[in-house]
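I have a structure here, written as structure tokens, and I will follow up with some questions on it.
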């Protein structure tokens, strides 16, 4: 019987459906143009854009990266053209290619997040907004929003208030906290529809020849397979506490098996980030392999597989 | 405009791997990948095998690319075993396969008229210059070349490569080959002697900066192939940026893998390692 | 000149000197006996014992481990014979082999730590005590001591009060906190002489065939090269805030270069843990290579190299 | 008593690597490492090469060890390509080197008098039994053997190995070789027929548990080689523990790499995967 049924790969975040649960990760797919030489963007569940700010940002000085065992550090510093140019150029291009777009936003103050939400409110063709709160809060000694429950709440409330009621909001959390479930509860009660887990882990490499930090920005964000066990743990913990909330899992996904681990832990979808640097077609590979792994285990739909490791 | 318009990803076979001085000269059977490869373009290779802890590709300038030949298309590289990834690559045996993405990045611009060109390479930076010399020669240009390195073994200058070069000058810091000193020590003399109208360079950033200074002083156009740590090589990660002026003179952090590696030297803000140059678009206040 | 000077590899924690700065990591060297087939234990700066409890502990059920990219998860659950048997059998054996011994202790209540300190007070031949506070606090909903500043303080105060004034105490911290510097300040002001950074990072692996967590204990501690950038960052942050406090660095050290990274970041010594599983002689290799790397960079003593990346 | 008293760590060369059914039979030139190797001992091998993301060794039972021979001491293994580490090992070519620590763990106990022995192997679990059979035979024992697997290709039973076995019985779950079923389906019959006095077994834990049940019911001493995930193989990590009764009957979590892999079946508390058996020393309250 089940062999004849069509496999249902769809997933849902907030009010939006996506034909497949494999997305790009913010900041790891350029503007989309760079990857479109390798595959069609409409093959992806969604393109999650790099985090966009109110104004243009140069980002940090170089060196901006260091390879680490099964991972890498980056300190890009949110380089980007600012929201206006982004809405004018990048979004229309992505949509012209049939890509479903989730815009990631970042700010240095709660008001900046609010202002980004107001700009995006009008763009109803978007599939959602991912709120990157792993940014230093200039109004509070540079303390990262995502590390402070009340600052996290304030950002999400401001975004929800300004963007309108049914616009899907995904709050992206940092793993660098004592209690990620507590932060998750705050942002959900503040109006987020879903959670993105996890952003990079704060790390550092010393250049032992130059006798100083390798990165110009001193510390950087650790990503790649090295952090996957941390991501799976965060997803599992949060899904256990908030089983109804859709989670976009990420952190070192490079194969269908990696993606399945996150789905079983409780993710409704996965983003592929660093793996794209080693393999331009990683997102497509993950998508195809995930579907095969699910079918091989007798699942007729993605949804049936979400969180099964909790049984 | 498309980005990476010609790039292909494929598993390619090692046809040959020979130690030459401090380097390995490697030839790969790449099929159609060679068709669009131009001097200045680079390849990005996955290193370490299936369970590698090295998750990022390594970039190598294309030394030569050919479409004809017994093995179909081939791409040749000159590999310095620097850290663990390039060491791994340099240890590959004939018939082994590696995953390659190429051609990537910009190529050296070829003048439409015959000109007097000076090509300057540092270390393995000479690699792309020989293919360039061939093309320039075939277009009727005069081609002089300066190759510099710390020591003789680190100069890559194969015999067959020299065919297209009118005069080759070597410099080594320890004096073990050619003149003792740096490429810039002989540069002005040669510019004058050969009435150089166009400079191409490839090598470490400090060398490019020094060459650029001489070029600007001499008011000669200078195309250089820059090198910044790259995580992806295809423009998606923003790690490889260098500060460069755009058409309107605004300094922006631009990707050396997409806007480069070959860029107009006059656009580059040299010496800005570990800091954002003042006035850069979007610089932190 | 400097070539003729003897290289000074000594380091110091509290009042004790150690001839070399490379130690084993707690829980990664068995009882010492297992490694003594491969080298002499007196070649090590010190042997840090597995964490010992008041009573015997069976530890957790199996599977207790999962390999991860450039790392591993473990959930041993502090298996051990309890302090009495340990003092009677293990310590005398180690000392008979000339090993300098730092005893790691763990408890489920503040009183257990106090009681362990009282037992160790008499053993003046020890080179110090490492207080592992990454243990669940049974009196506070199982919240790990190291994740709670006041619980961390309470443990260190109790240990200091019971062990006496000049007994070297190293407090071992968990990286799973929002602000590791804050915890470091608490334990130092509570009486610790030095800090061990870092314990394992909380992680998880799902067995996608069994559709459940791979480890019987569900979550486990991530160790190995994967976490080294996290460890280096923690050491750097803490050394910056508390430059006078000696730090024992650990997390993925497998070579002299790795150790040097930690020394430059601010560590006064390093512990080698997981690397021993892949290579029984890893600790000796790290020791020899570290000395060579320091000499190659013109250092005449270890102490001159500590924290140079901060210059 | 010393722990790991005979263990040596060395870089050893692959002398031969041949596919046999679902397995690879591999021979290594190990020098003195072979001297103290006994049936039941295992080796621990580092996998993946210098930049491997796999940081832990893999354990393999010693199939045969020999001190004489053209290459000096050799150790032979039967490797099933299971996950990425054993796959890597099974792909090593002749002359490549791997880092090996051996011999490790306990060996099968050899009776001082000639007895009727039954050796039972599951899958690659047959590997150490052939060397054991040889020794038993040389001591005048009668040696029967049962090898079981899911399917014929997963039975490892080389011709030369069978020399020392009186009667060999095969079982496969799919009936593709020998009798259809499991080793325990034929066990009692053989115990009776051959008046078995001593049982040795090696294979997956559920098989050992089933064999142990029959052995206990038949009141026959049973030595089994257990298998639990190992991180270090030398006793320092405490990951490989299984609940076993000590001399005074107290259940303790004991290391299968040091106390085992060969243990007295009667000591093992089988079926305690994912839980600590009640009454275990120091069990959580």
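Here the chain labels run A, B, C and D in written order, and each chain numbers its own residues starting at 1.
Methods note: a contact is a pair of C-beta atoms (placed from the backbone, for glycine too) under 8 Å apart; a residue touches a chain by one contact, two chains touch by 3 or more.
Everything quoted here is computed from the prediction, not taken from an experiment.
Interface comparison, C-D versus A-D: the higher count of C-beta contacts falls to C-D. The centroid of the Cα atoms in chain A and the matching centroid in chain C are 34 Å apart. Rounded to a whole number, the gap between the C-alpha centres of chain A and chain D is 46 angstrom.
For chain D, the set of residues that touch two or more other chains comprises 53-54.
Among the residues of chain C, those touching two or more other chains are numbered 66, 69-71, 224-225.
The touch graph of the protein chains shown is complete. Against chain A, the residues of chain C that register as touching in their complex are 66, 68-71, 73, 147, 176-179, 201-206, 208, 211-213, 218-220, 222, 224-230, 232-233, 236, 252, 257, 260-261, 264-265, 293, 297, 308-309, 311. Interface residues of chain A, counted against chain D in their complex, comprise 69-70, 225.
Listed in rising order, the residues of chain B touching chain A in the complex are 2-5, 7, 9, 46, 53-57, 99, 101, 228-229, 231-232, 234-242, 252-253, 258, 272-276, 280-284.
Taken together, the chain D residues at the contact with chain A in this complex read 53. Chain A meets chain B in the complex at residues 27-30, 33-38, 50, 55-67, 69-72, 74, 76, 79-82, 216, 224-225, 274-281.
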